[in-house]
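The following pair of complexes shares a single chain, chain A, combined with chain B in the former and chain C in the latter.
Right, the complex of A and B next:
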């Protein structure tokens, strides 16, 4: 075996280029391939191969393009969507994909027993919240209705400018009713319907094999309505948790695309010409959350002083190869919205010291000990140390760093058992509300204790304004208020970092890293 | 011997009971739970999930339910891999760890034993110095250094082997060599030490005086006694090596049980933690018994009393 192996072999990437088999790393293994119970956004890559929503996304800028729905109408009040499904949409077993499948899927996702974490994608649909909270047991009160096999009517509570985008999200993916019900109740979580040999999907690929802890293999679905455009014959999704192992697998020709790049390798890859390192902005902000229910951060002057004492340009320079940009606000630039209001984040240590003195801590004297909590990671630790030095130098305050095991860290943050806590936020949809929704008073992810009726009013009004210019202006007002109240300290806008083989064609960077496989192919370079 | 083994096996019951009880409560008192995540789950969904897994019941009842299930061989559903049971996960992943461990053990024994014997027989010769240095190096160089070095040389530069995965038969070579070399180093040093002690015994001198050949003295008379420290070491070592190595499985992306053993604790996958601990503890208990039996067989001074 050893002797047979001891010769230069064709690598999986080389063989894949010949046979149009893409090898992609997806880091962690999905818990399940049930689209209604997805765990990590990165697993959406697998689901995009296996399923398709009413709309798809343009690979360049993510604007909604026809998916199962070949066209749609939005009534002038913005409250009713009529979606016309294509006649040739098929499940992988040959059944037709109908509007009734989408109604069944909505009923399943919203059912209290399923416990899907993605119900909030339906929050704007009339009656959805009540049904999912079991307050209204009759699904007919929910605004999702099949007018006939090929027409779906969705009624909203209020105008939602980004709603069409949500229809392409995995939470709106249809599931095959007969298959789901064959292996359990329709609203029973974690049944066996999504295992290989049973899974029925409506995407460009079908599930062929799943070797636990190793690889998920999908093969081209000849019944997919747009099969002629699909050039890949197979995709092998490799579950490689360690980014170092994944990087070695890429270098040895086992992977076309990696999910991550180890921080220690970024500079080397960035220096290569041509470089397989692909760095592009994503819809994500790295920040520190403040617990404003406890001293010293219950004082807005202290909260405003801390962000002013951060030299973000220096922080970004320390991570130069990662392509990150200094945060000027909470919401990264998105779909024409760039925050340019008066509360934009800047470095002004003089003003920071004045604010701290006004709060009763001149030159940091008498400031209580503060702890900055991060989850265990070299990157988080390094950044925390840089920030710690800046606050010591510019404010004269001592900040301790506590690296905590992830589950402990998340639990303490959720229970507000912290003072300063590292956080990243990734928007689910390319609209500023994907960020601003976090700090609504009743926001499930708002762990700071921030509750401002004025902010809620501004953010919600903006999110329901159809006119683009007006909406952006209102988002700006909401964000100005948030930055002034300062329950958070945005640090930088993050980037997606992947190693991509030059053989991969038709893959474009985009804010949410949604890469459909229909237009992707491999070519020896 | 039968009574000895039967008595020892009966002792397993209270030992396992204590281990299960201690692990059950320890893992439950660690902060964070299986559903704690960066993006918090809405409270009503958390309630549903807890009800689905029976976590809404009082702890003592959960404990009794679990004990009842374990008695029937059911280790419960995994919290992380929602549609798989712990029994299924162990059944899927243990064979991989067993294969990796057995091959690594073979490497360790094939390299460690002869080197240890040679080093003892040629004491203070260049061969001894070479073997001892190699042994010291093997102990000092951790697997997380040796593994990537082998991957770099034979995977990335020479393209002889894959650097991750467990599909092709040749995927076994690098991880088994990495894991095997470390154990080989220990086995070599223990064999050398054991042999040196035995080679100074009177009965060896007697054997030589009676004209027995050197090979016969070493292999027939000395080796049996010289291996005693190795056998003592191999009991728990085999349990560890067979239930998987977290480091090796992570470096080479091997779908074995070692990673699950460690990750289940990070994931707060209560049932998987307990399942892997039960398996590991069971293996240790059984292998320690095997070690005791083998030691009696190797050492005529010992009896099954």
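Right, the complex of A and C next:
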């Protein structure tokens, strides 16, 4: 009895290794599991378990691989895509996944009432913009059509080099029509259809439980067409916002994979052999977004002064932030395009002060109080404190810091109820346009109020240029303009930093951190 | 009722000569001085308060001055209590945080004390309908969820340290009012109050001169419990982003940050934690001592 009582209890990770239950941290809790209303890329981790798009991504280099579509044809003009759906694709309730489901999902995502922030993913599709702007009430004008149950025809406005990649994105994930319509209008946001017990998905796992603020549990879906390849029996997604808490959970055997690693622990973990620390470049930039619709940031001189007063070199070498690179531009230089134009970000406090003086605030005198909003996390707050100090020192400007609960924080940002707001942008596809698309005038994630027809023209021309060299030159022009108009203050290029248990097999680093679960398993070595 | 009348005629000027207040306080002071723990506690509090107020002026560093190249360093000759991850001197932040924490603790408690004692004493002494109305009002405010009430106040009046004091104080007085009212209810039936009344003293004088000094024991004990509670509340509100804003520090935020990093940088938790506990201990010893000194009946061992 005593022996039983005194012996160490089996940790969730050890138990998970036996039963193929993966415990993964996802930091912030999603507001909803509706793929059309996702907020954070990290939540795609959950969606990838629950759903599947027309194409999937190769876990190594992210090239599109067959998903619900088993093969596809692109007509020679590059405008028409014919996707042939596999016959054995099933929803978790047994219904067949058909081309009509994709048409319904496209109609839902584009409907103005749903207000999905991801409508811009369909911008290249013929008629999509008009439909989502409610200018064309008839969906048949949109270039997404089911030729029969198993053939989907998508027609584009112009050749789009990365379009196939987009088809794997969550915004192209199908939703189950009968379920969605059972719990509300088809275009009603945040209804109860995506709750446990109701959710019907077409992914390798099904939603079984959601303890608010704690954990989302998904279980293997035996009806998934490729179920034979799925080796995990369950995945528990733990919502732990503090990276310090997450690290402790990892150490005490409660997590296989963490979403973050506290900066102060990086050195320790890097020295361990074998090291559970996985650091890899990702297609992501950490930045502060400015609300340019309100003073003082409606003045471009003020906007240019703030990034000039940031000593990024010192930020990235500080103790709280190891493993990151100072940002020279908005688009990280990891996906084949490197910004080397003349508007590259630099540290020049003298010029910053001049700009601020020209705007009417010599040495920061008379500058109105501004507030930098972050979501509650030690790292974000500490970075904000560094930045706050630099602005005070170099510009004489006082910036307050407000840490807010994530849901409030993101809501306020979407509603433009902020002055300065922390933001991480991770490209949705490995092309510079995955970044530059954000600040198009009608961009769904453009919360700054930035609207420049010239920028729109440059960025869109670039995105539609098929020649690689030519395209990069165009991207450079667009980015130069963006950095000059400065609706954002890029701070650093992020890296993916995770602690991964050695038992996790079949997980590879990639630029977008898309880790499919099909090839993943747990094994003690 | 009838025994009071002859005294009044016999010596009209005696009450003024043997004013009980002054000798009571002097007695209490003597008794307090004999209580070593209480003196220690009081002295420590005084030293801490003085250090927090004047300390930051004499130190070379500012509470917000960062040294990113330095990062977190253990205590040494340069930084006596070490630095935090942003290279800020912990000693200065600790003293500066003390200003906030002690300030919130004392101010909010003072507000609570003033409102609570006056309100409770008046309600208890007058009694009847006025008492019923006053105490129902307290019940109503009590029924509001405490934290949400404070958060609402902060949202309406903006984030301001001074308002934080007032907001907390405005909520903390409720219990005090109830305690004082209960004590007054039992005291007002006693002979010395009858005597005071028959001397023709005003209600105000009876309440503040005769009743309240006699309920000081429970008031002081409750006050010493309120101060740490308020300090903890401030830490909690700061955590929610409603209290002190970075880069300012308070003991609550320092402890919270230290706890996150206690494994690598233990001093970030040890020093603020120790100082906070010391303050709470001192407050408790002092409170105990004061109660014994002021309330002779309970002090007899």
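Here is the rule we go by: the second predicted complex is superposed on the first by the 322 of 525 C-alpha atoms of A that agree within 3 Å, B and C clash if a C-alpha of one lies under 4 Å from a C-alpha of the other, contacts with A are read in each partner's own complex, and residues count from 1 in each chain.
Methods note: a contact is a pair of C-beta atoms (placed from the backbone, for glycine too) under 8 Å apart; a residue touches a chain by one contact, two chains touch by 3 or more.
All of these numbers come straight from a predicted model, not from anything done at the bench.
By the document's definition of touching, of the two partners only chain C reaches A:317; chain B does not. Of the two partner chains placed by the overlay, only chain C lies in contact with A:384; chain B stays clear of it. Residue contacts after overlaying the shared chain place A:273 against neither chain B nor chain C.
Contact with chain C, but none with chain B, is seen for A:403 once the two complexes are overlaid on the shared chain.
Of the two partner chains placed around the shared chain by superposition, chain B and chain C are both touched by A:242. Once the two complexes are laid over each other on the shared chain, residue contacts for A:9 go to chain B alone; chain C is not touched.
By the touch criterion stated above, A:60 is placed in contact with neither chain B nor chain C. Here chain B and chain C are compared by how many residues of chain A each touches, and B touches more. In the superposition on chain A, the residues of chain A contacting both chain B and chain C are 242, 244-245, 405.
Residue ranges of chain A in contact with chain B, taken from their complex: 1-2, 4-9, 11-12, 31-32, 37, 112-113, 115-117, 119-120, 133, 189-192, 194-195, 211-215, 238-242, 244-246, 248-249, 251-254, 405-408, 410-412, 414, 424, 444-445, 447. Interface of chain A with chain C (complex): residues 242, 244-245, 262-265, 268, 314-315, 317-320, 376, 378, 381-382, 384-386, 388-389, 392, 400-405.
Contacts from chain C toward chain A in the complex involve residues 64-66, 68-69, 71-72, 85-87, 159, 240-241, 245-247, 257, 260-261, 264-265. Residue ranges on chain B touching chain A, taken from their complex, read 30-33, 36-42, 44-45, 48-49, 52, 77, 80-84, 89, 92-93, 148, 151-152, 155-156, 158-167, 169-170, 172-173, 250-253, 255-256, 259, 266-268.
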